[in-house]
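Each of the next two complexes has chain A plus one more chain, namely chain B in the first and chain C in the second.
Moving on to the complex of A and B:
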């Protein structure tokens, strides 16, 4: 990113704005990459996404089919099956690998859904005062204290089982914290003079929200989304473990559900339990580390004294 | 957080909070109706899924559960029954759900109560030590461990504990059937059964208390009053105990109650893993059927319990923090 030799006068306002954004992004990246744990988290995430995308290329989907399974019944790890087999003789390694796809898909989609709902409600609650705000806050507070897993269980029991249901169940139950956060941020942004200036120049509600409030709130939303993915992945695995997942899709929680049904814990089949659980732990931790590093970029108060 | 207006007294504050809680409770009841009576479309079809039934049988079932009436009338019935403590009958056991919940209530209270108290004590202690020795090995290690535990799904940790320590502790239930009926042996047996579920619950839950205590103590660390306390010659230990910790404790106290919903969620899966005979296991057993009245009952009871706890937190906070009172 070098701007030497480019005279400022030749640039349009739009290009100038993009240049400014580029510099801000570079500064944010410098700050982010100074956090070792953040970089580790990011590395793990890139690896996980690559593995998920490349699963159909690098491995054979037939191994997931119960009727084509070649291994023995719940065998410990050996040369052929590095992480052992499940009750049907399928490779746990392959199951866990393919589980990455569904777990990441659900985790990311549910987190996005919850953050979008939270952002919209948070901004509306802060921007329009009086009764709109009062009613919305009442609803946010209500959903905030409601035990979200209990509600998610209820939703996924009454809806048709499937990936979409799980995404909706998690997304609809985890938005309130995002809404509170966005509302607080919107309130501080709207107290600034440039909002007043925009209003004085005749900017409407939509213009102010889209052009001024949203850009100021988005970084926070992004951090929140990163942290929310971890929670959503854990929520997905919990719902699948309770038997509410899609029985025809392999997810980490689904493997653990099968392990419970087959009493793997009592049989001492640690190879059945460890891989999917470690996968959940590692990916969730990676999202948390990334989120915390991003938080530090945004909030200088959290930075270590140097 | 809506604070009382200037001049509004404690009574007014309490009334506002109480009113809010009553509205929330009503919303839970309405949500329970929408979720389990409106959204499933046809509960009778769900109930008889996989069984050959004639239309007459369907009609009889619909009439027995009052499902042939209009939705508004159904809602009114449901409301009146709820006010009398009647949650309907379980599809699975044909027993009143209210009785079943009462039976299962105290095991859950025991598990959640013990778990919360231990998790809060552990979290506060670790968080205080970590913040006071910021960037020390202890700080980094304990924060890292807490984050790692927090990233694990509760039920998975329970399964791993069960695999690892299965021989030393009972694998499920609350008491062995052959334990003598006297109080001491019963209590010891329950304690024995309680160990693994409580360890699981505490391990996953304590992290948030530790992290919040740590960051809220860090916020206080540079405060002038701590410099004053040190300047007047107080030992480091006393500065921490008498000055820093009480101020840092406030956000954590509300958190304890606010996050009770999360503990309840953890308890559901822990109970499912260890067959602990509480509300969580009852929910788990009802999912497969699906036993809608049972799910509705546990939904309403768990949600209402968390709402009441939050009301208590709001009231407590007002008495604990003079700044909230003074506004």
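Moving on to the complex of A and C:
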């Protein structure tokens, strides 16, 4: 405590705030690293992101071009093609590797989109209350009861096929739960005395939301986003599996879709189905592990009773 | 924190897949002992993945519907089983007047409808006259009567048809003859006829549940003689892999429209006979030569650079149809050789002479483009004559795996000659809208030819072009070539077969020179049946033809159950009480359909290019 007293005299408020944040982050990391599963998840994610970023450096994109494929038609794994080939004779290993890029890109973008929408709506609903809240919550309820898969299918059918469409389709259908969560958190934050004090000192709505409410709900939003990425990747794979993705982008769901269309299961071509399926499972699990670990670190309020 | 509905979504998808595979693990049900007294019913169960749009022959255009109705209703004349030459059916004989404008058909005596009423010349007269007076009745087969002046039944066994101009296709009228005593009582001629259908063919439809099954029973009083099987069931599967599994497990006896992978998988089945038949369909890449309406005004938004025939020929020359065919179909298709008429119709089949040919040769294509002044830009993409880079859109049917697989090849090859291609997968309906209104640069297309190629030849005439709204026509390439149209009129009025064949070949040569389309491949029709249940089928043509989806009813009518004609009837006993099994199959289909339904419902809609 005496340390803080010294700092108070010597540091500007801004530097002080950063120092406090730095300490909080260090504490958070200590807490996070005490969770083995969280560390494993983080390791897998770092690896996946590195592989995705380095794919153009470490491998040759020509291998994805059907006119330059060298393998046979749906051949099992051998020395040249460690995970076998698809119907065009392309390496499944290479396809799965490059699929990481699209799946991660769409998963993260869609999760961000849904969390941003959810946060904005949640905070506005809680902050303004009354009829604003009533109207927004009815909209939230409406989206909440709609089966998101059906809605996403409808959206991706109507819009032009492509990565952007998939991101929008997933983002627009998965935000309501984030909105509910953020609203609840905002309500508890706004009930605290310092919000009232800020208001008494003349703080406007924007000031209160940006300076006081948002920082208080951000940890929760962050955790929510991490978990949402996993869901978004599954969603992307589902849409692509159903043939609604961009057929000319290699994604895990897209490989599974091709495998289904090419009757891989009927032909017993397990090497066509397993790699993308396992990749989806592993990466989604990693995001969930990370998210759960973060959840317990950053927001004990949500910690499940043990 | 988040609802896990997405997880359920994928799980549903995966379980649909698992369901499709599950039967592989279930041991085959042993044939159950049949009641010894009742003779076993012989049922042909066909697994299909196509839909039935209607069972009204005036309306139905989907492949499966027309095929079922072809079996339900007989024709004046049919395409023969062996060589597809027209032969008499309801009409026993016929003659034409010297000016070729009056056709007199003599009806077969003693032919009865399945309800016992006699079939007379009044029935075909009613059928054609309804089409002449009612626009709705012309929906499916209107083109056959467009040139008709009048149709009259002069006596119960004589039908006289007068045409406005000589018509060489009079023996290929693909119009099912309907019973007057049923259809004259229908309030709406476009509505569904009452069940069971009253027919004159070898089988009649007794039951129909949309997206589930169509049940046809043998017409014991069929004029050619009763069929050898008692019942034909078309059982609907959403997923063609599931129908293949059903065949493996003996739940169906015959499946068609198999993919190369499915066909190869079935090679290892001991109880399955494969039928690899040459089909009557061609698949093409259409190059928009500057689409115009029937009155000659420009329509759509095709790239104007494609009006140059040199550019179109270079595109044709850049596409390696052999590799494409091999990659997409393996050995189960013939690569496009330039002939517009599929090779199965060997009479009309035409191939370009070497000097005329623009077969695959990227070097020559590049040289031709250099010579025509298409300079390459800094990025390697050529510029058109107005200095814009050559960017072309390629439309593909998003529900056709062969096109999804093949389009990247075409993009790659055209990139090699300096043309940039953007692939746009669209639903069948959207493609139909876009291509009918000329809103495309390149598009996949394909048609099934009749044994008489008139139906596909007419697609390339000026009059096939649509009106200003993009309606009222069935354009394929939007070609409007006076020389071609003159030849078209000439062949339609030419009754000497050899001379007509020669004219049709000249037309194909003309079409080829215009390079408005590239013949990609003529895919085989892959079928498989249980040899423990059925000994043989009548293929059309014979040998080497198809069992299902013929231009006639020979395949089902000529089905011979296994053991038939032998001393014992042992093998037919297990096809006895099929009702339970069929209900089980249908139950399974419904479950799969329910899971996959939402997604797949909008797919698989047959479109104009699957029309007959």
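Throughout what follows, the second predicted complex is superposed on the first by the 290 of 306 C-alpha atoms of A that agree within 3 Å, B and C clash if a C-alpha of one lies under 4 Å from a C-alpha of the other, contacts with A are read in each partner's own complex, and residues count from 1 in each chain.
Following the convention adopted for this analysis, a residue touches a chain if its C-beta (ideal position, glycine included) is under 8 Å from a C-beta of that chain, and two chains touch if they have at least 3 such contacts.
All values reported here derive from a predicted model rather than from experimental measurement.
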Based on the superposed arrangement, let me know which partner A:157 touches: chain B (first), chain C (second), both, or neither?
both
* Taking the superposition as given, does A:241 touch the first partner, chain B, the second, chain C, both, or neither? -> both
Next item on the list: In the overlay, answer first, second, both or neither for which of chain B and chain C A:148 touches.
Entry: both
In the overlaid three-chain picture, which partner chain does A:285 touch, first (chain B) or second (chain C), both, or neither? first
What is the contact status of A:121 with respect to chain B (first) and chain C (second): first, second, both, or neither?
neither
Task: For A:265, decide between first (touching chain B), second (touching chain C), both and neither.
output: both
Margin query: Per the contact definition in the header, classify A:274: touching chain B only (first), chain C only (second), both, or neither.
Written below: first
Intersected contact list for chain A, partners chain B and chain C 144, 147-150, 153, 157, 234, 237-238, 241-244, 260, 264-266, 268
Listed in rising order, chain B residues that touch chain A in their complex are 2, 20, 23-24, 27-28, 31, 35-36, 39-40, 135, 147-148, 150-157, 159-160, 162-163, 166, 171, 258, 261-262, 264-265, 268-269, 272-273, 283-284, 287-288, 290, 292, 295, 298-299, 302-303, 306-307, 310
Chain A contacts chain B in the complex at 137-138, 141-142, 144-151, 153-155, 157-159, 230, 234, 237-238, 241-244, 253, 256, 259-260, 264-266, 268-270, 273-274, 276-277, 280-282, 284-285, 288-289, 304
In the complex, the residues of chain A that touch chain C are 65-68, 73-74, 87-89, 144, 147-150, 153, 157, 161, 174, 177-178, 181, 223-224, 227-228, 231, 234-235, 237-238, 241-244, 247-248, 260-268, 295, 302
Residue positions on chain C within touch of chain A in the complex are 1-10, 13, 17, 20-21, 240-241, 244-245, 259, 261-262, 264-265, 327, 330, 398-399, 401, 404-405, 408-409, 412-413, 423, 425, 598-599, 602-603
